[in-house]
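The two complexes that follow have chain A in common; it is paired with chain B in the first and with chain C in the second.
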Partner chain A sequence: MSGPAVVACTWGVATSDIEELLTLGRTVAGSLGGELRWLVLGALPEGATDTAGRFGVGGVDHIEDAKLGTSGSDAYVAALAQYCTDSTPQLLLFNQTFQVRDAAPRLAARLGVGIVMNGIAIEQDGGTLRVTASAFGGDTRTVYDLAGATPQLVSVSANAVAPEAAATATNPEVRKVAVDLGAVEERVRVVTPPKREGPRLEDAQTIVAGGRGLADAANFKLVEELAAALGGVAGASRPIVDDGWADPSQQVGLTGKITRPGLYIAAGISGASQHMVGCSAAKTIVAINTDPDAAIFKHARYGLVGDCLEILPELTRAAKAR
Partner chain B sequence: MKILVTVKRVPDPETSIKVKPDGTGIVTDNIKWVVNPFDEIGVEEALRIKEKVAGSEVVLVSIGDKVAQEQLRTGLAMGADRAILVLADDLDPLGVARVLAKLVDDEKPDLIIMGKQAIDDDSNAVGQMLAELLGWPQGTFASQIELSDDQKSASVTREVDGGLETLSFPLPGVITADLRLNEPRYASLPGIMKARKKELKEIPVADLGVDVTPRVTITKMEPPPSREAGKIVASVEELVNLLHTEAKVI
Partner chain C sequence: MNNYALVGRLVIGDDGKTLTQTSIPRLMNAYDEQAIEAALRFRDAGTECTIAVVCAGAESGDVLKHAAAMGADEIVSIPIEATTVDYHVMGDLLAAYVQSSGGADLVLCGRQASDDDQGVVPAILAERLDMPLVSIAREVALTDGGGVRVTRVTPDGDEIVECAGPAIVTISNELGTPRYPTMAKRMQARKKQPTVVEVASLGLADTALQPRVTLTKQFVPTVQSSCQMIEGASAAELADALVAKLREENVL
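The block that comes next holds the complex of A and B.
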């Protein structure tokens, strides 16, 4: 018996990511002429059945087990492997959180199947799944064909697709799926869990980001002040995180956060591809840079050539005056 | 302690990569090839452990074309002891992981350090796959590594979605390196001279008897969609107006 066409698999993540994944999953399942199921590991997110219905999910599969804790991939990989053996999905989709990056490649190796990371689009061509993923720090896109054994796995980048509810809502049921994790012994122990503070950059509608052009650690507060005045979140380029001017959680880019705000203001940032991967999905990019030839101006809808140390406070005043 | 470190040959991250018009790959004219920056950090970390733990050995592994010798020599010049080059092309991540798993069977290292990803395909999968094939624990995206005094366990601090997290697990294990783990040293001139005499063994992939049938194949490459050129505004006032009336984002 063949299983569902597509299973979108999530655990412990913010709703925006889930809605994106369900949107993509529904499109792919449709092109395969099959069903989209949503597999949730651990606690069901609030309003899960409602979300599933709005996004056209055929049914929700729910695996709950005390061993599915906050970190370590052993239990997740074991649970997913059992699920795949029992339910035989054709395609398993993940939203690329840190935990997914830990667990999904391990799952692929356990099952002996292929995986594409950083997926941004999936098409079906004569039964072959074709996945577009970003490569070379965003300078190129690579199109992969998935061949051989199923399930095939794709880890989808945050903000790859815009969430879109289904034209016709469904009325999905939640089905408890039992797995046996008795033999799993988590070898990785969490000594210090991460402290989650403040809003996630990935969810922010407005981001003001600063780079090396700020010239000094103390000037990062100009970025924070404008962010606050606009009701947004402060971000940073990698070098100023390396230098301790900003927190690692604030880094935007290939090795930081992939964001999709309505407004992204880049102050004193040159526009290296590794930075741009993290913000090119922004609806409107504003660049403030002293160098009129800076690469960032090629990406920006609006550019201001000038000193960000003067322009940021002016913008903050203007934003507060509104 | 024996440490295995992977070294991939990739284009210099400073170069802007262009896709060939026919989409069969990237334009390679005038590209400088380097050690994948994340792997270079892995080599540095292994060397730092070697400096602390007497009797340690650092073995480099690359998989690819014969020219990857250059990158292995770079790692040897930094101070690694010897290198293995598996001659193979077009392996997918699982194929690479299987080749590495076979080498691990032969070499029996206590620790494997790899870059968390290579800056060409950005895939970020091989370290985790290797750990799975070996049945070893993993510490991914390490920005700090500490080994216990008896080298029987490692603790790894990493930057995750919510901030910094510290994990601990028994060795042998796989650790993947993130950018802020360390600043790699430059090879010294004596280091470069010495590297020429260090062992660099080449193994054709067929000799390993590993199934490397790809599950994932590259069909083509594309440039990212281009953005419409924007406009340069003259003042903060004009910018704020446009953001309000035209872009409607404030």
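The block that comes next holds the complex of A and C.
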């Protein structure tokens, strides 16, 4: 007997991430000729059945256990392994969160199955699952064929697909799935949890980000002032975070935050792929750079060739004048 | 592979999946270098330990000599054709080596390879060795009783965790710049021969050496540019023109 074609597994992510994953899952399930199920670990997100129906989910599986909800991955891996043994899915999809980076590959090892991280597209070719992933910090795309035992696992990058509701909505039911985590003792203990300060870049509608073109730590305030004038949040490229001009929590990019604002203003940023990974999903990108050939202009909707140290204060003034 | 050396200069080879040698210098993965640095800092701080650096692959010579020059006590090569190795095979090989060499008190890895960015091997190693996994560390300290206290760089800020040893810890770039060995150390390291461990001697089943994931293609994505340049004679004019445009398009 064979289980569902695709199971999208989520915990602790925003609804927009879930919608992306369900969109991709529905497409792949269609090409495999099977059902898409949605597995929720921990609390059910608000409006879960409604979301599931709109995105064409066949059914929702729900695992709740007091041992879930830690930052460790032991309980998640155990729960997922039991689920896979009982439900025998062909493909498991994850949103690539910080925790999934640990949990998904551990699950792959425990089940002895193939896994691809940083996935951005999945297709089916005569029984072979073919996954396109981002590599070299976004400079290249790698294409992997997965073979061997199922379920195969793919951890999907944020913003890989645009959410799209199903042409025909479904009427899914929530099924409680019991797992036994009695033997699980989380081995990694949190001594001091992370403290988030200020608004989240990931949720910001407007981001003004600065890079090495700011020339000096003191000029980062020009970025902060424009961000404040626009009701947005200040971001930074990695070199200026490394140099201490901005806080690590403000870093946008591959090793920083993956953002998706409506407006992203990049000042004195060259547009390296490792940076663009973190902002290319922005609806409108504005680039300010002295170099008319800077790579950032290839990604931008609007370009301003000029000195950001002069332009940023003028933008702050113009933004305030209404 | 050290990604810093080649940002924006990648050339895909004739096989359509690997990068040509001329466009990439063969260097140690920068995150792995930071993992070695993390180990060396224990010794600098007075911890008595043997630091072994293990590399499985076709041409690990230069990479291992760099590890020796940095200060590794022992360098170990597991020769294997790279194209037959996926993360499972790599995890199995490294786990088998750790077990066959009498275990380890602490296993440090780079958080991910800076070429494929997958970051899967440490998790597989953790499962195979049944050790706890602590990923993306900026700082690692030893606790009384052989455990570790690790500061992790999470998207929400730093998190401090503890676990009993032996453990697998993956190191992130936030650890800081790895030391660059002096000329004298590099000369010395050139003479150092790696201990060669043959795959056959590790007692792995044939199935463990069967890759499940195969790279079939690699390409540089193209960007469709649609940038409209804002014109203006001064910074003030440029700013006014942009703000007007963004308001017109309802972006502001």
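Note that the second predicted complex is superposed on the first by the 316 of 322 C-alpha atoms of A that agree within 3 Å, B and C clash if a C-alpha of one lies under 4 Å from a C-alpha of the other, contacts with A are read in each partner's own complex, and residues count from 1 in each chain.
One rule holds for everything that comes next: a contact is a pair of C-beta atoms (placed from the backbone, for glycine too) under 8 Å apart; a residue touches a chain by one contact, two chains touch by 3 or more.
Given the structure is predicted, the values throughout are model-derived calculations rather than measurements.
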(request) Sticking to the clash and touch definitions up top, decide whether chain B and chain C on chain A clash or fit. (result) clash
(message) For A:49, using the defined touch cut-off, is the partner it touches chain B, chain C, both, or neither? Pick first, second, both or neither.
(response) neither
(message) Which partner chains sit in contact with A:299 here, chain B, chain C, both or neither? Use first/second/both/neither.
(response) both
(request) Please work out whether A:193 is in contact with chain B alone, chain C alone, both, or neither, and reply first, second, both or neither. (result) both
(message) Quick check on the superposed pair: does A:286 touch chain B, chain C, both, or neither? Answer first, second, both or neither.
(response) both
(message) Quick one: is A:307 in contact with chain B, with chain C, with both, or with neither? Answer first, second, both or neither.
(response) second
(message) Quick check on my understanding: which residues of chain A belong to both its chain B contact set and its chain C contact set?
(response) 71-74, 98, 101-102, 104-106, 108-110, 112-118, 130, 133-137, 139-149, 187-197, 230, 248-249, 254-255, 262-263, 273-274, 283-284, 286-287, 297-305, 311, 314-315, 318-319
(request) Within their complex, state which residues of chain A touch chain B. (result) 71-74, 77, 97-98, 101-110, 112-118, 130, 132-149, 152, 187-197, 200, 206, 230, 238, 241-242, 247-249, 254-255, 262-263, 273-274, 280, 283-287, 292, 297-305, 311, 314-315, 318-319, 322
(message) Help me check something: in the complex, which residues belonging to chain C touch chain A?
(response) 3, 7-8, 10, 12, 17, 19, 86-88, 91, 114-120, 123-124, 126-128, 132-136, 149, 153-164, 172-174, 210-221, 223, 225-230, 232, 235-236, 238-240, 242-243, 245-246, 249, 251-252
(request) Can you check the complex and tell me which residues of chain B touch chain A? (result) 11, 13, 16-19, 26, 92-94, 97, 119-133, 137-141, 143, 155, 157, 159-170, 178-180, 213-224, 227-233, 235-237, 239-240, 242-244, 247, 249-250
(request) Under the touch definition given earlier, write down the residues of chain A that touch chain C in their complex. (result) 71-74, 98, 101-102, 104-106, 108-110, 112-118, 130, 133-137, 139-149, 187-197, 202, 230, 248-249, 254-255, 257, 262-263, 272-274, 283-284, 286-287, 295, 297-307, 310-311, 313-315, 317-319
